[in-house]
Amino acid sequence: MTLNSLSFHESREIDVIPMGRIAIDFNSNEIFRPMEETNTFTKYIGGSPANIAVGMARLGKKVGFIGCISDDQFGRYALNYFTNEGIDTSNIAVDKSGAPIGLAFTEIKSETESSILMYRDNVADLKISPEYISEEYIKNAKVILISGTALSKAPSREACFVAMEYAKKHNTLIVFDIDYRPYSWKSLKEVSVYYSMAARMSNMIIGSREEFDLMEALVCPESKSDSVSANTWFAYNAEILVIKHGKEGSNVYTKNGDVFKVRAFPVKLLKSFGGGDAYASALLYGLMEGWELEKSLEFASASAAMLVASHSCSAAMPTAHEIQQFILDKKDQNLDIVTQY
Amino acid sequence: MTLNSLSFHESREIDVIPMGRIAIDFNSNEIFRPMEETNTFTKYIGGSPANIAVGMARLGKKVGFIGCISDDQFGRYALNYFTNEGIDTSNIAVDKSGAPIGLAFTEIKSETESSILMYRDNVADLKISPEYISEEYIKNAKVILISGTALSKAPSREACFVAMEYAKKHNTLIVFDIDYRPYSWKSLKEVSVYYSMAARMSNMIIGSREEFDLMEALVCPESKSDSVSANTWFAYNAEILVIKHGKEGSNVYTKNGDVFKVRAFPVKLLKSFGGGDAYASALLYGLMEGWELEKSLEFASASAAMLVASHSCSAAMPTAHEIQQFILDKKDQNLDIVTQY
Amino acid sequence: MTLNSLSFHESREIDVIPMGRIAIDFNSNEIFRPMEETNTFTKYIGGSPANIAVGMARLGKKVGFIGCISDDQFGRYALNYFTNEGIDTSNIAVDKSGAPIGLAFTEIKSETESSILMYRDNVADLKISPEYISEEYIKNAKVILISGTALSKAPSREACFVAMEYAKKHNTLIVFDIDYRPYSWKSLKEVSVYYSMAARMSNMIIGSREEFDLMEALVCPESKSDSVSANTWFAYNAEILVIKHGKEGSNVYTKNGDVFKVRAFPVKLLKSFGGGDAYASALLYGLMEGWELEKSLEFASASAAMLVASHSCSAAMPTAHEIQQFILDKKDQNLDIVTQY
Amino acid sequence: MTLNSLSFHESREIDVIPMGRIAIDFNSNEIFRPMEETNTFTKYIGGSPANIAVGMARLGKKVGFIGCISDDQFGRYALNYFTNEGIDTSNIAVDKSGAPIGLAFTEIKSETESSILMYRDNVADLKISPEYISEEYIKNAKVILISGTALSKAPSREACFVAMEYAKKHNTLIVFDIDYRPYSWKSLKEVSVYYSMAARMSNMIIGSREEFDLMEALVCPESKSDSVSANTWFAYNAEILVIKHGKEGSNVYTKNGDVFKVRAFPVKLLKSFGGGDAYASALLYGLMEGWELEKSLEFASASAAMLVASHSCSAAMPTAHEIQQFILDKKDQNLDIVTQY
């Protein structure tokens, strides 16, 4: 039996506070064609930490959020959406300088080819400033989850580090979702510098192999190996590392030496994004429920599979019951989702 | 009989070159509700000078364009659209710095209440630089039409003035469509400075009463009268002034002393924007055809009426035949559209 | 007899309002060596329009100023200096954003080789905004003198155009001192655009042949001829053109057809700058005194000669009596300073 | 006997690499008056890490430097000066974007009242980028000394963190000289975030009590006590903390529990700055020589006293022999400079 190595402050009011961007996704209704030829779009809440917030709220967790939205119809839409999902919006700032909320227009050319056209100039989410961060809010939470994109630019970057300082001070666990997006960053060395600073402070780190390589470019540039990554960050505060390898699934390391291989449930893919956010929220849910790591990982993989088969990244987030039902439905296929090494 | 006072270089290859922004309009499919509650959007080409380009191409004119688009799916969509409409795209730059094309999300709350949510941060259209302007291109055109929004920021501002210098040098007529939008401008005095510079160089000026007031804030701040405006700008290069008064219609002045009142055709309004672009393109068409001003104005008013009754600002631009048919259909109502004073 | 072609509003309180930068010059005390090897510097007021202000104050004229200085010791030094010279400082703004006053470190390598090391980043003088310009102040002056460098960047650029609009409205004469400096400008086309706009509004234009070429790059790029320049700008508001040809002296054109060649008085040169500011102030003084143009030009040339032989550009500005004495002293040399063609 | 707790890689080629700004000081020759009334200035090399470099070179150490200078006469002056002092300039970048070297005009109103007028807009020193940092150079040094001002803005901030990552990787000791200057920083929380990141990585930290308070504003805001500071940073990599208390002298803590009080030698003050840089270089010299901490601190205090009695911050840096002579001269006064608690 593998015990899950994170220990949560059970008495705290808020389960998790994702921190970072809330965006609007415009998903084209006509799929399997280039965006030059699509005509209509449906709007959804998007942005990795926002998706995770919705994901965890659907799973019944008490979810807060630290972020910044635009002072317009889209910003109000986002607030309403969160409120309806039961997410606490008391720590979401409204930018008064006219900064817009970020947009993501998705293009699904085929089952495997998809891309995103981003509107991220002067976005509201990167306007959140250190002064806005409430020490009290973070002190009342079990976990804060930092999205790496929030580190890409001042003042959001410093706001994240302030939040992490408060989290360390009050033993709020830090989950670092590397979530690398090239826009806003000025250089790859800048990425390495701030990602490694965040990683040193974090209790759990989630990212793709490529994201770990970026992060480790200064510290251990030659490695590109999951076990070296694990050793590197376990030397600081990390307890669990999740390293994703695309279609190959993910490898999960714990500080006490366990290693798991997690495979994807076979589903008919609609799009190639959104799965990671479902995975993160379901994994964190499992750990918070006190489940063993194996069980949590299977649950995470199931949620990810359900997500990539649907049209949105937020509205399609499943409930715990739906995920369990999905796993039951797949049981007879004798799938080998999680293996311990 | 009132002769139209502009004389066009008949031998020139291109009829008109609008200069300024090409944008993408996202019109909500669900109307008569706030944007917080709309779910799907249909995309169209937008931006006042782009709409005018489409309008004049539909009317059979040879249309060029000077502008700058994004190097992405939306930019290519715009180029394809123009090409399909028969508009020459040889002088449309493609920005290589990652600037996005502007977006306009329309919100139609009721027949009279509508608003536009703009994405104009770092937009490609304002990136056009003086170095890009081709003297030869302008020399080959009868008319360039400058959209005032293109004056709102460097380097597009200077690019416009360079284009106007070339136009003056080669006797290409300049139409100035004031087209004021508050974003991008830094102060109202800045607006007055550059609008009056452009107005002094222009042969025809089109704008609302409010736009003329803004433009004249330094020169004759107290006036706010159409006849003072006419005297002010006729002292320079202007030959025709079109001053719009919202639902009251527009007043049109010519340097040789004629004054016309133009009323709107009664139609069931769908939205309150786009009519001005149809008006400008149809009026310019009439003048280029050598029609008398009265006839041209009635034609312009008809095109505007057709536009405000439809869902888009570009795709709905009518052909000459359609406008004539619309006028014929209204004939029995004994409407008094154009009156000379 | 050639009458001077400018007519001044004799009743107005202020003779001249230069507009543009006030800077601090640091002139190296050790001369004829590269700046890498100089150790001590003496500080003076500098900046072309500031020098002209001091020049005209020394000549007994009532001088105002429109500009912006830093809120620090150097800014206060400049204000004190102006006050002591009798210059009205009521329209000099004090920047509150922390912008520094510009600095110019001079390097005199030899009698003919000298250079200036500039500190112009974020300078206070370019922070003057359109809102600061007082219509009343300009209305009370005979002449405003615009330094071309003040056109190089917003908001100073727009402030100048607002001042020129007010000047035109109230028949205050506009002298345009092209005064081109490459820093702050973004492109040569930008220079041409704004210089030609300013030139069209001006009653007198002063500049070197190279500066006229820059200004005319759009309007008549091929010319580079003084008589073409004269014809170009006399078509608008200009009455007098002063075109400088370095050591060859200057050519002066008037709208009524007179042409003068002005040579330099022979003196032992100490530095190669500052002469132009002395020339401009002495010429304007002569014209304001109602002198014929010939006499004014000889006076201007004398003042310029005195300046280039001294260590500073402001403190060394001569009085009218000193200039007349200088001319008398040179009389026996039978010099031929001003020739009419 | 107190052993000094830092251990240096004796075999390494370079003793110390200060990193940060090189500036030019303009010290007024006329003292004891406001700068509005000073006329001449003498120029010197300045900037805290540059002064320390000169200080250690004078003490016979092998000194490198990581920084960025302007591509002009002042930049070349700085390079020449360093070369003449025997400092290795191979890792000093020359900015090609036109950024100026920083200037500091000193104003000495009285023995106790002095101020500095800074020119730091767009300065070259903050342009050093992560890409410029040589891992090899840092690997060959015993110590790098990071000036806190170099953390105030990108890309210099990231360049410093890259240098610190390389230092940690190769066991090059890191000395962090907090050196807080308000300009360039955007907020006090930003200061705390980056100062505490740097402090966690550093082996020795030097700053005033106010600087430690700033740095600890997130971590232990209420403390403001030297022993709390010591405990805070000894929990990471720090071995020695120097906390300055102005005229009261400084308190020095070591990780193994020693605490020293260091007083100032009595001298006739000429100016109130520069002493700290002499102190830092002499202290580091003593430690590198293998001296006990007491002896090193007395030596540091002596060097500081010599500096504040002279006109410059770099040219006046003493040799080891001069410092020893100064201490001998003061011996008969029975001064109690260093006391252990």
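Every chain is named by a letter (A, B, C and D) in the order it is written, and numbering of its residues begins at 1.
The working rule: contacts are C-beta pairs under 8 Å (C-beta built on N, C-alpha and C of every residue); 3 or more make two chains touch, one makes a residue touch a chain.
Just so you know, these numbers come straight off a predicted model, no measurement behind them.
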Fit chain A onto chain D over the CA trace and report the rotation angle, somewhere between 0 and 180 degrees, nearest 5.
180
Compare the contact pairs of B-C with each of A-B, A-D or C-D and report the one sharing over half of them by residue number.
A-D
Can you give the whole-Å distance between the Cα centres of chain A and chain B?
45
Let me have the rounded angstrom distance from the C-alpha centre of chain A over to the C-alpha centre of chain C, please.
62
Can you list the chain D residues in contact with two or more other chains?
none
Classify the inter-chain contact topology: is it line, ring, star, complete, or other?
ring
Touching pairs among all chains present in the structure:
A-B, A-D, B-C, C-D
Can you check the complex and tell me which residues of chain C touch chain B?
129-131, 154-155, 158, 161-162, 165-166, 169, 186-187, 189-190, 192-194, 196-197, 218-219
Residue numbers on chain D that touch chain C, as the complex places them:
26, 29, 34-36, 38-43, 72-74, 76-77, 80, 98-100, 103, 105, 107, 117, 119, 121-122
